[in-house]
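Here the chain labels run A, B, C, D and E in written order, and each chain numbers its own residues starting at 1.
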Amino acid sequence: MYYVVVIATFATMGLALVRALLGPSVYDRVLAVNMFGTKTVLVLIVIAFLYGRPDFLDLAMAYALINFVGVLAVLVFFRTRAQREPTETKGKD
Amino acid sequence: MSLLLDVFSWVLLSLGGVFVFIGGLGAVRMPDLYTRMHAASLTDTIGSILIIVGVMLQAGASLATLKLLMILIFLLLTSPTATNALASAALISGTLPKKATPYGKDAS
Amino acid sequence: MTVFFGVFLLTLLLIVAIAMVRTDNLFVAVMLGGIFSLLMATIFFLLDAPDVALTEAAVGAGVSTVLYLAALALTAEREKIHTVHQIKALVVVTTTALLVIFATFDNVQFGDPTAPVHVHVGPWYLENTQRYMDIPNVVTAILGSFRGYDTLGELFVVFTAGIGVLFLLGARPKKDTEAAETLIPQQSETSEGLRNYLIPRLTGRLLVPIILLFGLYVQFHGEYSPGGGFQAGAIIATGIILYALLEGEAAALRVVPQWMLMALMAGGALLYGMVGIVGMLLGGQFLDYSVLADNPVVGQQVGILLIELGVGMTVSGVLLSIFHAFAARDKY
Amino acid sequence: MDWLGVYYYWAFAALLMIGFYAVIAKSNLIKKLIGLSMFQSAVFLLYITMGKIDDGTAPIYHEGVSQQIFSNPLPQVLILTAIVVGISTVALGLGIIVRIQEEYGSIEEHEILGIDER
Amino acid sequence: MSAWAQHLPALQVGVPLLTTPIIVLLRPHGLAWAAATLTSCFTFFIAVMLTLAVLDGQQVQYSMGGWPAPHGIALSVDAFSAILLLIVTGASTVALLAARQIVNAEIEASRQPLFYTAWLLALAGFVGILVSADAFNIFVFMEISSLASYVLIAGGSDRRALPAVFKYLVMGTIGATFYLIGIGLIYLMTGTLNLADMEVRIREVSDQKPILVAAGFITIGLALKAAVFPLHLWLPNAYTYAPVPVTVFLAACSTKVSLYLLLRFDFFLFQPNLLNHNIQFSYFIMPLAILAILAASSLAMIERNLKRLLAYSSIAQVGYILLGASLVSLIGLTASVIHMFNHALAKAALFLCVACLATRCVNLRIDSLRGVAKQMPWTMAAFLLAGLSLIGVPGTAGFISKWYLITAALDEGLLGVGLIVVVAAGSLMAVYYLWRVIEVAYFDKTNEGTKIVGEAPLGILVVCWLVVLSNYYFGLAPWLSTTLSSAAAQILLGQVP
């Protein structure tokens, strides 16, 4: 049964990747990255149980925390960018 | 009892898998940024809850369950926050929902 | 089934890699770099290397994304399409790849327990770690003690990078030497972080202590589970970087001032060195921890704990210094 | 596992190619640096792949683990060090790039060369 | 004292490495320089002690952390590493002694501690490579030395150093990564990282393709870092735009250390074990060496900038070193190793003269050095004498290595005659490109409008003359260098010395 979850999550990772590659705006890509991050956390949880090593959940925890920092960093970057050059962030990718 | 738990957890897991997948589809198929965000984040949270609770039922009362609970809390805190921040950043930068723009012009 | 997991993830990895090279938007390339790193980490996890996975995630998705973004904010977001030496590049690259692939034509065994890699030195560690130092994580045991000298070198690589970035960015650009005084108020204005965003700020403030706590857990639990000094240092640095993102540079520097970063950098390196020298003074070899306590096993454990602490201190100090060095610079 | 091992190995070769290509062919310095770290990541993949044993598990003892086959810990240790080396190189490279931008106003290699020749 | 003597290999690396965190914190003016110079002197002293032990016939071995060899990391010092240790620590000390005024002029006081820290890190990295007997450990220290060298080169006030150093960073990292791939493939086939252990275990698998590929990757990677001819592109600009003391230091040792590794791997590991490696190595390396000598010397002949001229000359000298090695004979290898030593002496002396010039001249274009010998007679005299050593006039250190090289070539019959022609041509070209500088400095009239400049500061001049005179000392009494070199050659060829 774990396999079903892993496969579903993998498929979603693939879809998130499609969104990240298609864009069109940078915000779509940020969205995709965030989604990809949460999906990775889920995959890790399930694989940890699949392999019988639940002690590795630390990893999933680390991912959940670090991914958030990454996304926030991107947003702060946008904000400073927008302050400096208001025109640039508006444009499409 | 354990059989009941098992069945329940499997149901949760598969439901979670379905939700996660639907969310992924939505993120690709929806027409503009905000609807995509909606699809992604809503099913992100519910999918995560279902899967993690399902796994928790499998793990039983152990350290692993505690860790899972913490991961769930983190996810529930960070994912909507990130989405919110993203939406406001997009809105401030001038990206509008599709319907609000004149016909034929895509603002995303 | 695991087979297919690996194949799937590797395929995604290659797609992401190609997309990273092809896109002309550097910002997108950096974000895809985050995905690349998460994928890589998951693959490492599948290949039984949780320590490496944790490091890759902390470094790739966390620290290096932040550093790239900080550098992008100072330079340009877009690449100008100008491909040089394309033919030359293709020739060199293809030759290299053919050379690499040529090596597989001689029954290279991956995953075979009887392959030479798995029979000579590796198993010795698995068999003897319990006896010599009695800690469950063999990777930490090798990293800390059996090959502790490598880790000393690794610590100094990080230290060198920190010194280097501080040295390079300590130079002021020539054109605004006189404007240097006015630089400071400007930057505090632009780096106030996400002060006006209520929700991220609230959640973030909640998460900062949790991340720091988690970092400490990774630091001191490294002998029992994946983790150790380097990962902990990176995670703690990430936590403080999050604080800086939310509250602005200035606030973060008030909490962890520059002198403290320098002290962390130098202190961690010194701590590691001191452990080595004390081992020497007590009659052992350099970096011999067995002599640190009456019982050699306890001595090893104490030694590993101390050097991991040293690594954690230096890494967090260096990464934060580098981050501040980038963030404190205004666009020229 | 045999063909899978080879697949991992070929993925390493492909990744090496992609990264190396970016380093040589791209003119943008940040792109070069991205290619360089990809190039290094490929090597990490090579080492970790060779440390894996079929049906093995991570080399960390744990109460609940009944398996007695552990994957080889040594390559993992080496790669931990190599990852640290990689991020250090990237940090230093970014520092140099920022300085180049300040001095030249560009991070495109062909433009910089042009500026100095004048 | 005897208790400490056993720790010498560890101290050799440990002393410079562990002083660095302290130096970072030294704020007061000049203290960082003093501390770095003292540390470097002390490192040189340890190197001398180690050399004495090696000359004494001792096997200098050290197990880090008390773990025996294939499981832990071993250090070992033999004649080959000893001679390189002398070069590296000596060059660092000499360059640091001369560095103070120039660094004061180029780098703000607040950044100086960081600069000297990077310097010691580079020194520790080089030394760490030389004493290590573990393939992966060598990689780690290679990266310390490379990262620190990038910092040092980018340290000057010339902005053109930055693109040059970025190029160096990219090529250096590619080289190191190639090396890492090679080590990975060997590890895959042998399961060990210790060099001695590897040498034993490689015999069983020496005919397999991964080992061949590994040999290729290691050779190319190290050749990239050693600036072997077609892969030398990073070197000229990096040396030209670096601060002069850094150029003195790096020109004397950076490429030498990579060459040391190249020779050690190719001879110690691959040569005796790989089928036909002998022939492949010769046929691959010898043409490159000849090309390096001829092409780099020609480039030096038309170069206008003095520093870049000397940098091209360095690339040509790498050619001489490889030429000796490609003969795969005892005398040939002796010539190689001794030329590493002698070239380091000559090039350090020449760059120290450049350092003297740099304190007084605005730029180092050859045109702008017109008539400089009248104002700086001592500097230009030193330049002339050091130049003679580079050319290989009898009585100088350079002559000894050329002599060995020609002797080795004579053993090769007809091919040898050709090689002697190449060596002679290279020397003639060296005469020409150095003569251009001498001619301008001695016989041209001073440019109009040039300020009257005086002799270089005494401190730098003394150091410079010290090195120039040592060129003649090792030319007239070459006992130390020849003994160590022939012992090194015997080790490389697997003969018991």
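Following the convention adopted for this analysis, contacts are C-beta pairs under 8 Å (C-beta built on N, C-alpha and C of every residue); 3 or more make two chains touch, one makes a residue touch a chain.
Owing to the predicted nature of the structure, the values given are computational and were not obtained by experimental measurement.
If you check the contacts of subunit C and subunit E, which chains show up for both?
The shared contacts of subunit C and subunit E, listed by label, come to D.
In terms of CA centroid distance, which chain is the most far removed from subunit B?
When every chain centre is compared against subunit B, the largest gap points to E.
Considering B-C alongside C-D, which chain pair is linked by more C-beta pairs in contact?
Ranking C-D and B-C by C-beta contacts puts C-D first.
Rounded to a whole Å, what is the gap between the Cα centroids of subunit A and subunit C?
19
Roughly how far is subunit A from subunit E, centre to centre by C-alpha average, rounded to an integer in Å?
Centres of subunit A and subunit E (C-alpha means) sit 47 Å apart.
Indicate the whole-number Å distance between the mean C-alpha point of subunit B and the mean C-alpha point of subunit D.
Going by mean C-alpha positions, subunit B sits 31 Å from subunit D.
Rounded to the nearest whole Å, what is the centre-to-centre distance of subunit D and subunit E, using the mean of the C-alpha atoms as each centre?
Using C-alpha averages as centres, the distance is 29 Å.
Do you know which subunit D residues sit against two or more other chains?
Those would be 16, 20, 50, 57-58, 60, 62, 74-75, 78, 81, 85, 88-89, 92, 96-97, 99, 103, 109.
Among the residues of subunit A, which are close enough to touch at least two other chains?
13-14, 30, 32, 54-56, 58, 61, 65, 67-68, 72, 75, 79
Of all the residues in subunit C, which ones touch at least 2 other chains?
Expected reply: 50, 72, 100, 104, 108, 117-118, 121-122, 125, 147, 150, 153-154, 157, 160-161, 164, 168, 171, 194, 200, 204, 207, 210, 225-226.
Could you run through all the chain pairs that touch each other?
Once each pair is checked, the touching ones are A-B, A-C, A-D, B-C, C-D, C-E, D-E.
Hey, which residues of subunit E end up touching subunit C in the complex?
7, 10, 14, 17-18, 20-22, 24-25, 62-67, 70-73, 108, 110-111, 114-115, 117-118, 121, 124, 128, 134, 136-137, 140-141, 143-144, 147-148, 150-151, 154-155, 181, 185, 187-193, 201, 205, 208-210, 212-214, 216-217
Spell out the residues on subunit A that touch subunit D in their complex, using ranges where they run on.
On the subunit A side, the touching residues are 51-56.
For subunit D, which residues count as touching subunit C in their complex?
1-2, 4-22, 24-28, 30-31, 34-35, 37-38, 41, 44-45, 48-54, 56-62, 69-81, 83-92, 94-99, 101-103, 105-111
What does subunit E use to touch subunit D in their complex?
136, 139-140, 143, 147, 150-151, 154, 159-160, 162-163, 165-166, 169-170, 173-174, 177, 180-181, 184, 187-188, 193
How about subunit B: which of its residues touch subunit C in the complex?
Touching subunit C from subunit B are residues 74, 77-78, 81-82, 84-85, 88.
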